[in-house]
Structure formats: structure tokens, C-alpha cells
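In what follows, chain A forms one complex with chain B and a second complex with chain C.
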Partner chain A sequence: MAQSMGTAIDSLNAAYNSNIIPNQEYLLQGSILDSAVEVLLHRLRGLCDNVDSSPETFDDHEMCFSIRVMNTPPLVLRVRRALDHPEMPWQLRYIGQPELGDKSRPTIVRSSLDIGTSSTVVEFLTELGCHLDFEYITKGYMFRKGRMKITVSKIFKVNQGNEGGSDGSGGPPKPLSQSYLVEVSVVAHNGLDAVAEDVRAFADQLRPLVLLDKIDYKRL
Partner chain B sequence: MGVTVLQHYPMTENKTGAQVVDLLTKRVVALGAVQSGQFIVDCETYTSVPSLGAQRAVHVLHNSEQPASVFSLLETPGTAQGANNVGGGGGLPSETCKGLLPQDSAPPWIYGFLKVHKPRTPLRPIVRAVNDPTYLLAEYLARLLALIVGHNKHYVQDSAEFVKTLANLKLDPNDILASQNQIHNGNRKITASHSSSNKPDGSMGQSVYKKPTHTDLYLNGGNPGQTQGKLIPLVADALFDLLMMKMTNIYKSKIQTKVEARGPRFVYGGHGMGGFGSNSPAVEGDFLVKLGTVTMGTNFKGVLIEVEYRPCVIPSACWDMMREFLQGFLGSCVSSSPPQYLQGRMNEVYTPMDTIHQYLEHFTAYRKATGIR
Partner chain C sequence: MAYSVNIAVEAPVENQIQEITYDGQEIYQSPLSMSENLSKLAQKIDFTKQLAEDVKKEPTDSSESCDDEANSKETLTYQSSLWPWDSVRNKLRNALTEVCVLSDVLAVAKEKRYLVLDPVPQEPQEVKQMVQVFARKKALAGAASVLLNGAERLRTSHNEMARNRNTPDFHIELLRLRQNWRLKKVSNSIVGDLSYRTAGSKYAQTGMFEVTKAEEEPTAGSSPPPSPTNAAPPKPGSALRVTVPSELQGVAYIEVLCQKDQEDLCSSTINLLGSGTTSTNPDVHWQQKLEAAQNVLFCKELFNQLAKEAVQLQAPIPHMVVGNQIMATVLPGIQLIIGLCHSTGSDKKPPPAPPPQKSDHDHVLEHSLHQLLREVHHRNTHHPFPHPASGAIGPSKKRCLAGPIAADRYDLLQMTQGQTLLEQIIQQAQHFFMRLRTEYVLDTIAKEVKDPLIVSHWNALNSPTQSCVKINIMTHGYDTVCRTSLVVHVGEKSLKCVCRDGRVMHMSYEPQELRDLIFCQIYQHQINAVQALAKCMGWQFLSNSAHLGIGAVEPLGNASSCILASPTGDRIIAVRCEPQTGVQVAIAQSPRKDFFPGQLVKERKWENLGGSFKEVRWDKMEGKNFLNKMELLMASLTSS
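== the complex of A and B ==
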């Protein structure tokens, strides 16, 4: 009874040092035209774990914030919430600079922190000094394969006409393009580079329907 | 989860903190309470760096009662200074005010450019005001005004638009045309990129979430002395601490001001059978009593007692009983009215964030106290 209790920071540091906090994301991205997406979904249903149930759908609103002080690279934070499940926690996500590496590295690696939060997070970030850079709605399907997450989603613009509506609804959102974004990712702890090979191997099984690759945003 | 009241226990001169906690432990045990482990609530405060504008503070608290959560309270400018401080800086934090005073300034100097393409090559005088005594003040105001740049009729986007404007301008022979360039040293030229009008993508710029910030109030509300800061709560999971570590070049913490309350935790009531549906009296009880020793850094600051009444979530329904219970073992230091923070929320459902608010109020008082409180 008498032993003193460790602080929350102590236990977080212990978790960090024993490498159990998932903070690295291994990612491959690609896209597929609307006309071919059904075929891809079929193949994914066959390949993935949740084969017996119909694929899980999602309908998320994502806002991208950044905060910067002079002469430092901006810190980018993303806030995501499920439009179809308003009772769920909001998600605050930190994503670091993507490392593409050379040809031998199978995926993009970027540091990532996923934090569940209360719905006050938007006001919190705004007052913290963050600027809203852009926002969008993403709708689609999610599959699982072991630790991998595969999403097939369509990006929509957020309607600008309804300044009053705070939920981003009020009129059908307009799709940004004629294609779906396909992402395969694993969030794992530091130094678990073996999963990157799994991601690449899985992505190769989707060829030639969709070519998943390391996308360099700077060259787009 | 129930209603929690936090009570400060005034220290007497001839007792140490450990002695007070010992004494209170004996009293609580004499009542029939059973110790059930330890508790800890800690608070770390991060303040924004000056270049981010008006100073903000993020208080990050942990409560061992909710071990998977991190509670944050963002304190926006205005709170610390109160409303009646117009003469002393109009509600701006003192550090900001200090930063606006002239530092190593030089008088502005005037020089000229020869306009060689004009007849008789007149001189175009230029006043260089960089580093003049009011430069920092002007720079600060320009940053505030950046929010409305691009939204009024005096705004000129670029030189092409300026030429077009000039073409439509009728000038009398006696008129004088004055121009002012705003050029900063370094790369911090204030442009319209802060405004929503020319987002690079042109499409997804301004959001429906734009809330008035304190600067908007400052600009629209008239009297800057009336800007009231506010506390914005955020409940997040434990990884939020890692995010704060990513922000160390924007929000910095001071190790010396880290405050924590820790000590034994007791359960009481439920007559040995625990509370609702519990079969372990050491885990459940109607009352939860925590005897906290408050330390800041390594210094002892005082004793803080937390009492939670678990079967109820509406403060007004159980305050009288909680007050009697508190007075029973603490004596006259318990006031007959509810804590200030609860007074406005007596009929609302109590949440863990309300406990955090109370802790922050007390921790702030302990930080301000020079010695033991």
C-alpha cells in the first residue's frame, strides 16, 4: 500500500522505451478509376480477413491544421471525425515528414501519432494557434489483412455554401475526381521494418488493377 | 463516477505536511474508511513562445482515477490579467507588453531615390522606420491586422491591381499621393496569405469552423480591456503527451512549475458491502477520500483533500451531504457554500473534466503562493 505511485509520464516513457507505442506508419498509395473500383473491391474481399462480412464503410470529415513559428518547418495536425458515427471520439493525428528512402525500401515511412480526443479539439487547435489549411470528406471502404489496413475511398470537397452548418452537411458534397484513392498502411512501433515487406507483398497482389507506390508529394 | 469536491486544508505553523496527512488519515480511518491504494494528479503547464503572438498556456493534467486519459485546458489570453487592466497593457500578458517596448532602437532616417526617368530628376524621399522606437508595436499590430487583410476595400493584392486602381483615380493638381511600403527585415513579410482569399488550392480554403479568436474580439469588440480569456477543455488519450513533446519549439514547459498532488486514497460507506453491485468493500464505497500532498518541483506546498460522492452526478443533489461529511473530519475550514467552480454548475451532470478544473484552480493558487499555503 505504501509504495509510491508513478506518474503518467513515467509510464508513458516506459511504454515508449519498451517499443510498444505504434508511432511509425508504413504506407503505399495509388488510385483507381470509378469504373474499375467494383473489381478491386471484389478482389479485396477475397484477399482480406473480414471475408465473411460485407466490407466496413466509413464516412469521415478531415481537417488539416498547421502551426508554425518562424524559421521552423510547420507542424501538421489532422482532425478526423466519423460523420456516420457522431458519438465516436474525434481523432487527432500527427504525421511527420514522409521518408521515401531509396529503391530498396519497400514503402514510405512516416512517424505518426493517433490520439482519440473529445469534440472540442477543433476549437482547441484554433486557439492553440493552428491554421486550418484545408478540409475534405472521405467516403469509402476499409479492409483488414493481419495488421494491415486497406482503404478504398473517394475524396469530396466540403461545401462552401453553407457557412452556418457546422457539420459539413447540407447538400451533397462534390467529388474531387473520377477516381478512388487506395491506401495500404500499417502503423507499428519503431524499428519494425519487416512489416514494410508485407505491405509491399500485399500491394503486389493487387496488380495490375491498381499500382500502389511510394508517392512523393513534393513531385506532384 | 460521481460528484467531486476539492478542499484546501490550511496549514498551521507547528505542523509539517506529513503530520497533517497523518492526523487526517487517523480521523478518516476512525470514521471507518478503508485505504485503497494511492492516487496522483499532476499538472504541467506549457506556454507559447513569444513569436506565436499573444501568450497562451496549455495545462496538461493527469488523474490516476482516469489513467487512460490526458486532460488539457488551453488558457487563451486575457484571463491572467483580468478585465480592468486597460492602463497596464489592456489585457495583454505582461511578457507581450515587455516585448513591445523599444529594444535597441534607432531613430528613423530619411533618404531619397532619384527618379531618373522623370523630368528634372526629382528626389523620392523614403523614411526607413525599421528598428525605430515604435517598430515592435507596429509589427505586433500588423500581425493582428493580418486577419482582416484582404477583406476591406483598401486592400491591394499586387502591383497589377494597384495600376488598375490608379487608372480609375482622379487626381486634382493639388492632391498629394502618399505611398507606404510595409517591408519587414528577413522573410516575414505580411501578405494576404494569412487570409482566406487566396488559398493556393482556391477551393478548400475557409472553413465553417472559423470561430472568433481573441484578436477578432479585439478588433470588433471595441474595448480591448474587456477581452476575457477562456479555458478550452480537451480530453485525449495518453498519447497526447507525445504530441506535446513534438511541439517543444512552440510550447515550452517549465520543470519548476510542475505541480502534483499525491497521497493515500480511502473508500468509505456502503457498510462493508461496497457500493452498487460490488463484492469488494476495498474497491467500492459511496465516498472516496483522497488526502493529497501538494508539491511543486520538490517543494512542499500544502494539503489538498478530494472527496467524491459516487452514487450521484448532480452537484446540487448531494452538496449538503458532502459538506457535512467534509466538516465532519476537516472541521471549520470547510465553507458552507460550494466551491466557486461548482457554483455555476450545480444542476449539471458532473464529469471528470470538472474535477480537473478544480485541481487547476487550486494548483494555480499554490503556484502563486510564495511559501506553504
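== the complex of A and C ==
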């Protein structure tokens, strides 16, 4: 038993060192007003793979937990579940600090780890000592082009009585703004600048409908 | 050597030139006559002055009187009394005033505050503008004539083409081509792609084709066409020509044969296409050419994939790949042969060996192969989307769930394994044969056995690897009395039979097993039917046995029997059914007819025990079928 565990850890380390685990996300974000989102959806439908199938919709509820350890910045963990597919596992996600880089870097690079979990993850995190910072519901469309994932989504506020909109007791969730958030991202392992170039090239094709760019959260 | 040159010495011209006419003639001022000379000299004398002063002032006055406009103020000399130079003095003063005024005006104008000098507009010179107008008109006329010539030429050529619609325009053809195929312009040639790469294929061979203009016939163009009867090509042709790569030319298809075992495994040859549509015809339309090339590429990819799998798979009887044929064993004694038939137009005629296998070409399996490859392509492009949306694209739903449900290594390995194309097509072929055999067995039994009727209903919905058939065994005229049903699931290499009473029986691919089963079921049906009939007739059911342990051992199945008693109890019928020898019926009477009290058995009451059974000659019995006969027998034995 010990031997098999040893080999498992060894193989994990080897995998980590040999750069095959996809733990970096190359990302570009932008927004578009509600009045123009139909045009964007049509264009994305033409540009992305699988033109024959209608765009995939999604309806997710995301909760953001944070835990404070002394003298270090708080660790932020996100728990996301699909409201329209309740049988799919919940997702625990860690997103690292985004590196914007200089002008030569086409996209934001941030480390991203996501793990499938059961629905007890909220209880688990609460037991660990995490607090719920905020939560929201996001609904929209997903597209795919090669390795890139493009999402066009609208953020909604969670109604208190609603618990994610499954039952209609609190009423439908309210949108936060009159616009949609557009994101283009690729999750890959370290050091793939060609992928970032591809993301930038694709984002340029969506101009002038939506300007996708590196967003610096600290300067917002 | 010095030559003497005549030199003429002349005085210079004394008279001034007054005028030079246009033809170069000089007109001299005529020399002064004597009187004129004298008056000129006299004018120079100032008679009003004294001689000495006159002499001094003369030169100054004369100089003033000669140039009267350019003098400055210092020459102003005020004369106290009038004298003969007064007019001169007045004139000078006037001149001075004028000059002063002029200088003041100039000074004021220079300041530009109160007075400004503006140029007086010149009158337009009409003569020059007309020249310009004429020049421009001529230039425009020249340009217009060039343009009109060009337009005229275009119009005539367009009308020509509209009249001879035989050869359509290159650009319109290109537009049509572009609507169907992907084209790209590379340097100065047009290149297209007919492979399935964007549909998900990962095959290495490219499907590039080139588009060029078709050669122009000498009669086309701006010259008026000669009479259409001569030198016109038989077919109109199109304006563009596509060049497909040489390995994709021609027509190809995948031939699938199922045949029984040959003694010599390599003897089955697949003949190349005997059926028409050779594409040697260069005038074939580009759409058909491209479609044929695409089909060739698809068949090549399919065959390549199958051949790779045939070599890699470990089967109990190994698959053989020879040339462009793959041979796989489907069932013992039956082989599946998949071959790639590719005929280019340049081949010689195929040898006239009669292709009897050609009629065996299984179109259904060929279509299945195409569908399977298309499914592989589809899976390569349509990856499931992640839910929730922040997940990774790619893992299937099972794979996503594998983490939370703590799947072990074995489960994960199972998830990665899938069936290859060859395995799938072999399974489909196996199922096809199983179905065929099952149909044959059921049809044969239905033809042979008339007494209970065998009715089989095949399910309309089935899959390529599973079908179901429901079999009803019933007697004609008594179908409401008793009916035995069973369902047979036909799989790839086995059959599963589910009976009404819950028994499940698994059979192998041998058809004899199903036949035996059906026969057993038939005779069990008879016994059950007799029991049901007895209920209808009012006869009592005394006992039955599905697997009788008495009597001779049956070669097939077990005998079954039942014993019935009449309503009054005085008659007993015993029936024994078994698949090999059929039906035996015997009857007994309750009060024995042949009771005689003997030494051991003295009393009369023992006659009620019942007599021995006497067999009925069943073939002489009246009745259409077994149940009918039983009914009549029961009816005849019933005594009220």
C-alpha cells in the first residue's frame, strides 16, 4: 500500500514538473450592452465551431468564500454549481493573481485550478473557517473554438428567499447591469504564448462590437 | 598667308532713329534744317538776365527747365519781381506742389491707415479665354472618345456572350464553386480543400485541388462566331477546370462481403468496379469530380483506419490484411471481407472474371461503416460543454463525475477504452447473421409444424446489434383458450429467450439450440392447452408434470403429462407429450368393467378403483388438431 501511494505522489510530482497539468488561464474580458448582444451572438455563432448546433446556454450560481490566515492576504475560493444540470458535480475553483504583463503580452495570465466536488463542499468550507463573501447567478451562452471558450453572460443578484432561483418563491433574480460580460479564455499549462496570440487574434475579430482587453481589477 | 581685306570706314549714323517699323525699316529723324537749328540755339539764351549773371544762371536755369519733374526743394529760388522767368518759376512751383502732394500721398498710403492702394482690376482678356475653352473642349473630346470606345467594346463582347450562352462566365462559375467548396487564393493561383478536416477528420492526406481557367476555344471572344455548325464542341463545358491530386482521381467505394468459409482463404478476390461511371471523361462537371475525389479520400481514410485496427486488435482468429482487403471472422465459418475498390479511369478493363460476389456486396454494412467514421469525426469536434461553465471543455459527463464519486483506477481505465471501428462492424455483421439464422429457424418451424401455429412478430425498432422477436404458439380455433408466448432477444453472438413464466434461457449462435427450444415449448404448450381446455369443458384437472420421470428417456427435452377426470368422475384421460414421439393419450374408466372378484380381492366395491388405461389411436381420432381432438374426446366421454 505504501509503495502504491509513493508511486502516486511521484507520478503527481512528475506530472507537475513536466508541465502537462493545465493550470494557467489565458483570459480576455469585455462587455457589451443588452441592445447589441444579439448581433454579437450571431457573429460568434458564425465564427465558432459547430455552426449547426444552437449555442449552449448555462445557468450557474457562484459563491465566493474567503479565509483569512494571519499575516497573509486572504485565500479566495469559488464554488460554482450548474442550476440547469443539477446532476453535474459542483466545482471548487482557485484563481490566482492575474499577471497583466506589459504591452507585448496579449492576454491576462492567471493560475486557475478547478476541482469537481459533491454538493457538500459548502459545508466543508464553512467547517474549515471560510466565510461567504458574495454570491451571484450568471446566465448566458457558451461557445467554443478549438481550445478557446467564449462565454457571454449576464450577472444576476441572488434573491434572498430564492436560493439560486430554483423555486420561484423570491421572484426571478435581478440583473446587476444592462450589459453582458464577454470572456474569452483558454486553460492550458505554462508557457504557451502561442495560445495567448490565438486568443488575441480571435478577440480582434469581434471588434468593434466588443472590445476585449486585459482588465486590471486594481485600477477599476 | 595674308589676304587683303577691304575695310570701309564710315562715320556713325548721325541721325537718331525715330521709329522702327514692323518690317525692320528704320526711320531716321530728319536732320535739323538751318532755321530749326537756330531756334533751338536761341531757346537756350535767357534774354532777361545780365550777361554775367546770365552766363552763371543760364546753365542752372537751363538744367532746371530741361528736367522739370525730378528737382528737389533746394532749387526753389524765390524771385522778388516778375521777370521773363516767372512762367518758369510758376511752372516749377506747380511742379513742386504736385511733387509734394505726390510724396504726401505716397507717405499716407504707405502708412495704410487712411489710404490704401489697390490694384485696378484688369479687364478680362477675352481672346485668351476662348482659346482655353477650345483647348479644354478638345481634350475632353479626346478623353470621351477613348472611354466611349472602351464601353462599346465591352458592350459588344457582353452581347456576344449573352448570345452564345454555351460557355458560362468564369467568374460566375467560380462563385458557384465557392458556394460549395472552400477556396483560397495563394500567390496567383486558386487552391481549394476537399478534405474532411474541418468536420473532425484527423487523416494526414490533404485534399487540395487547384482551380484554373479552362482553355478558351478559338471561336470564343470578341470576333463574331462563325456559323455554329462547324467547329463547335459537342458539349458546352464550363469555364473553369479543377485539378484533383492524382491519388484521389477516379471513383472508389468500400466493398463489404460476407461469405462462407472458403477452402482457400486467399482465393476470394475482389474485382474492381465493373459498374459504369468511369471518370476518364474530362468534360465531367467539376462538382461531380470534386465529390468523387472527396469520396475517394473518405474511403481511403476509412480503409486505413480499419486496416490499422485489424493489425492491432487481438482476436481469437486473427484478422488478415492483404493488399486492399481485410478479412475478419465473424462467426465460425463466416468471414467478413472489407475491401477498398478504387478505379481510376486509366486502368485497363478489369478481367472479365464473373463477379458473383458482387451481388453479395452488403450495402447496409457499407453504409454502417460510413456512419461509424462520421461518428468518429463528429466526436472529434463536438466535445461536451462543461456545466458549470467555468469548467474545462473536453471531459465527458462520466469523467467529470469520476472525481466526486471516487471512481477507482479500474473505472477510469474502463472509461478510456472504447470500441474500434472494426470491432463495431464485426458486431454488426454478427448480429446480422444471428438475425438471419433466427428468422430461418422460425420460418422453418412455422412451415413444418401446423398443429399449434407458430406466429412470430419482429420488433420494428431495433439497434444494429440487438433485435427482438415475440413468438406466440397457439392452436387454431383455440387461441383464446391458451397461448404460449416467449420473447427472444437476438444479440451479436447469443440469443436470450424469456418465457412467460419467467424462465430465462441463454443460447449460443447455433441455430439448432433455438429449434430444440421451440419444439420443447410447443409440446409444453399442448399440455397447458389441454388443461385450459379441460377447464372450459368442465373436466377436472387431477395432476400434471412438466418433466416426467417415467417412461423412456427422451432424446430431446423432457416429456410432460397431465391427467384429467370427467365431471362425473367416471372417466380419466391421461395425456403424455414429448417432442420426439409426439402425443400419447390413454383413457380409463372408473368402475371397472372387467372386475371379477378373485381370491385376493373379494368385494365388489373394489371395482370403483378404476380400470387400466387403454391407449387411444390418436391418428384415427376425429378432429382438426390436437386440441380439437381432445375436445371431441372429452365431449364423447362426458356422460351426465
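Some points to look at:
Just so we're on the same page, the second predicted complex is superposed on the first by the 203 of 220 C-alpha atoms of A that agree within 3 Å, B and C clash if a C-alpha of one lies under 4 Å from a C-alpha of the other, contacts with A are read in each partner's own complex, and residues count from 1 in each chain.
We take it that a contact is a pair of C-beta atoms (placed from the backbone, for glycine too) under 8 Å apart; a residue touches a chain by one contact, two chains touch by 3 or more.
Here the structure is a predicted model, which means the values were calculated and not measured.
Residue contacts after overlaying the shared chain place A:Gly116 against chain B and chain C alike. By the touch criterion stated above, A:Arg144 is placed in contact with chain C alone, chain B being left untouched. After overlaying the two complexes on the shared chain, residue contacts for A:Lys157 are found with chain B alone; chain C is out of touch.
Residue contacts after overlaying the shared chain place A:Glu197 against neither chain B nor chain C.
Of the two partners chain B and chain C, more chain A residues are in touch with B.
Contacts of A:Tyr16 after superposition: chain B is touched, whereas chain C is not reached.
The interface of chain A with chain B overlaps its interface with chain C at residues 114-118. Every residue of chain B that touches chain A in the complex is listed here, in rising order: 35, 37-40, 42, 44, 48-49, 51-53, 56, 58, 62, 64, 67, 70, 72, 74, 76, 188, 194, 199, 201, 203-211, 213-214, 232-243, 246-247, 249-250, 260, 262, 264. Partner chain B is touched in their complex by these residues of chain A: 1, 3-5, 7-9, 12, 16, 21, 23, 63, 67-70, 72, 75, 77, 92, 94, 113-118, 120-124, 126-129, 131-132, 134-136, 157-158, 160, 162-166, 168.
Put simply, chain A touches chain C in their complex at residues 22, 49-50, 53, 56, 58, 60, 62, 78, 80-82, 84-85, 88-91, 93, 114-118, 138, 140, 142, 144, 147, 149, 151, 153, 187.
Chain C makes touch with chain A in their complex at residues 381-383, 385, 387-393, 397, 400-401, 403-405.
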